[in-house]
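Structures incoming, each one as structure tokens.
Two complexes come next, and they have one chain in common, subunit A, joined by subunit B in the first and subunit C in the second.
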Partner chain A sequence: MDALAQLGPVMPQLLRGFLATLELAAVALVLGTAGGVVLGCLYAWGGKLLRALLFALLTLVRGIPLVVQVFAVFFVLPVYGIKFSAMASAAIALTGFAALTTMEVVRGGIAAVPREQFQAARSLGFPFTTALTTVVLPQALRIMTPALVNQAVFLVKATSVVSLFGVTEFMFTAKEQIERTLLGFEIMAIVWIVYTVVCYPMTLLGRRIESRLKARGHAALAGP
Partner chain B sequence: MIEIARLQKSYGDRPILDGVSLEVPQGTVCGVLGPSGSGKSTLLRCVNFLEPFEGGEIRIAGESVGYDHRDGRRIPKPRQVVNRMRSECCMVFQQFNLFSHMTALENVAIAPYKIKGMSRRAAREQAVALLDKVGLGPRKDAYPAYLSGGEQQRVAIARALAMSPKVLLLDEVTSALDPERAAEVLDVIAALAADGMTMMMVTHQMHFAREVCRNIVFMDGGRIVEEGGPEMLAAPATDRLRSFLRHLRLA
Partner chain C sequence: MGDYHFHFAPLWQALPEIWEATGTAVLVAAASIVLAFVIGTSAALASEYGGRRARIAVAVYVEAMRNSPSLVKIFFIYYGLPSLGLYPSPFWSGVAALALHNGGYVTEIVRGGLAAVNRTQVQAAMSLGFGWFETQRTVVLPQALRQAIPALGNVWVEMVKDTSLTSAIAVRELFYLMTALVSATLRSFEILAVFAAIYFALTTLVAVAMKVGELRTEGR
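Entry: the complex of A and B
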């Protein structure tokens, strides 16, 4: 009972942190996914040089722990005179990470659509971009859905990494309040429940999109 | 309608088409026969300009495909012109290649709607009429995965017809089908031929070729080895065609 009474005043703080997390996740998700789709298309259809550049960036991002990437934006870029606020730095680091990892998902999705689909569209007189947007990308999306949902859920949770750098998001405020109230177990339980409540519907939504697309006949993708 | 003159095409050092010349008069069907790797599919793909070529010229209704020829030089045509010419000379593939995320009706309606600027309603109505024509009216809302091979190929033909092409290119359209399914598709093609559709058809169906083709060319090693009317299949002049036909009969 004592703990519950103590938790009351903590809530508004936690809510503020939670809203910051949502904001961060939304920015990284929207910009990261949009950027990832564009980069994925560039990777799939671009020239050799562009591919090499994107592959190098991807290798860098995949090879370095996310914490270190965020560290780089927070502490290495300012050395070269590029400075942002803590929140902006966090958003930049997460968006960059999201864009490059989404790029790989999109590239794989496009590669999985049989090349004949694109050729059939071209043979009917579809211009390049129309063939891409009406024939290739919708089919790639179907293939990419599970990976994209996975990516989105991961990204929401990954925002907690920036708490290490003093960004006042959900995880950071939670740790702050634990230090103040010493209610470690209770507050961490709240953190766990809240992340789950946000992520679970995303998974459900992904499943629904998947099964709706599947109703159209996944089999055709495997080829005749 | 189609005039091909001294067509040259190679992949690296390997010549694929080595000076192919042929003519398909309007309203006739030209059959292209030959073993695998003889260049017959590539020839069709050049006519649709899915493949660029290095030498010679292809004309459709008098218009040069892919390149303009000025002062003895070849200049690639603008993209819009290439796209328009492709839509006037549609191709049907061995593996159907229907858009798997669209119903039969959408497959047929999408190109006129997206490319020709036809209204959604007009495109759908035309698609329904074309699907009726190939005997698939009742299956119009099925996705390709739920259609048999023969049905898919008939949808693919309807999809090509939806662009009202001047020419139809058929690339081994029955090779992936069992004899009964193939017959469904061949009936559709015979009806088109009777309607006066100009077609170039790569095929291994000798009986069918003899029935519908005005001209037949036999290719080997990127060249036309023998050409003539359908009667040439009964009395081949070259040993190469004779041996090819004998193996086909044994198969």
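Entry: the complex of A and C
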């Protein structure tokens, strides 16, 4: 019961850290998805050079650990006189990462919509953006949904790496509290359960949407 | 930006340390990849053949692994197990955590592979007098795993990248050395470039190896 008494004052701290994690994940998810849609469209309709550049960036981001990328934002940007707070740097790094990985999902979604539909819309006199937003993207979005949900789960988990840079999110707060109370087992069990409670429903949702799509004869895109 | 002078000398001096840290990262990756494979294959087989209870237990394990960050497991083992009187080293904490975490993904992948092998093959092999273990080893798993190669490759690339997280519990791998070198020399750009290149080389190596494996087993 000693441990339980000690856990009391830990909980508000953990809650604060958890809220910071949710905030980070929400920012990265919203801005990253928006950026990813833009990048995906640029990829689908952009020139060869732009496409090569985006592909190279995506390959780099996929081949290098996320911590190293976050490190770049934290320590290399300041060399050029660009300085942000720790939380903002973390948000920038995660958003950039989310945008590039979402780009790949969006690109796949657009590629899955027959090109003739876009051409038909254009030849019927639809302007480019209208053809895109009313014909291609709604269909692409439906195919992309499971992959986007998986991406959201992935991002919530990925926010934890910024704890290595002293950003006071969930993991960092947990570590701080462990150092203070030595309740490593109890605190990490709580953290594990809380992450699962957030991510598992999203995983289930993604799976349900995917099976519904399959039932309707659409092939869903694989997640990241 | 224009007045920044590149200066690689501190990195050159740190070459033996970089070599050692690369070795540690590779060792963590290799050990956890092998362990995750063993865990994942066993769990997949248990789920497929072990009856309802085993299937539920495996499902709980898989979801417990997939719905939280690998860093949670790293900290749980390193900071949590001492409460139970176990004191694993940073290295083995990292290896165990990465193996357990990614074992969940491997389980799902192998399960998918097993499901793709026709059940009648198992019945045929058993009726020819093969034991269960022999049937799995010589008939089912080779086919299941061949199908699983691309997905396994993705997980292994993730695992190589995840070795960087073990720096959080002071495993002296690449990222640990990278931050140490930056604070010692302040040459953040050069150090970032070199270490990013090393990581990229390692992940590319895994991806290419898996691609070769995929092509060589194709059509067999």
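As a convention for this text, the second predicted complex is superposed on the first by the 203 of 224 C-alpha atoms of A that agree within 3 Å, B and C clash if a C-alpha of one lies under 4 Å from a C-alpha of the other, contacts with A are read in each partner's own complex, and residues count from 1 in each chain.
Basically, a contact is a pair of C-beta atoms (placed from the backbone, for glycine too) under 8 Å apart; a residue touches a chain by one contact, two chains touch by 3 or more.
Here the structure is a predicted model, which is why all the values come from computation and not from measurement.
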Which superposed partner A:Pro127 touches (first subunit B, second subunit C, both, neither): first
Touched partner set for A:Pro138, first subunit B, second subunit C, both or neither: first
Contacts of A:Ala52 with subunit B and subunit C, given as first, second, both or neither: neither
Touch count on subunit A, higher of subunit B and subunit C: C
Touching partner for A:Gln119 - first (subunit B), second (subunit C), both, neither: first
Subunit B versus subunit C as contact partner of A:Ala26, first or second or both or neither: neither
Partner chain(s) touched by A:Thr203 [first = subunit B, second = subunit C, both, neither]: second
Contact residues of subunit A, present in both the subunit B and the subunit C interface: none
Parts of subunit A lying in touch with subunit B, wherever the complex brings them together: 114, 116-117, 119-128, 130, 134-135, 138-139, 142, 213, 216-221, 223-224
Of subunit B, residues touching subunit A in the complex: 48, 50, 79-80, 83-88, 90-91, 93, 95-101, 110-111, 114-115, 143-146, 149, 152, 159-160, 163, 176
Subunit C contact footprint on subunit A (complex, rising order): 60, 62-68, 71-72, 75-76, 79-80, 153, 157-158, 160-161, 163-164, 171, 174-175, 178, 183-189, 191-192, 195-196, 198-200, 203
Footprint of subunit A on subunit C - complex, ascending: 1, 4, 63-64, 66-73, 75-76, 78-84, 157, 161-165, 167-168, 175, 178-179, 182, 188-189, 192, 195-196, 199-200, 203-204, 207
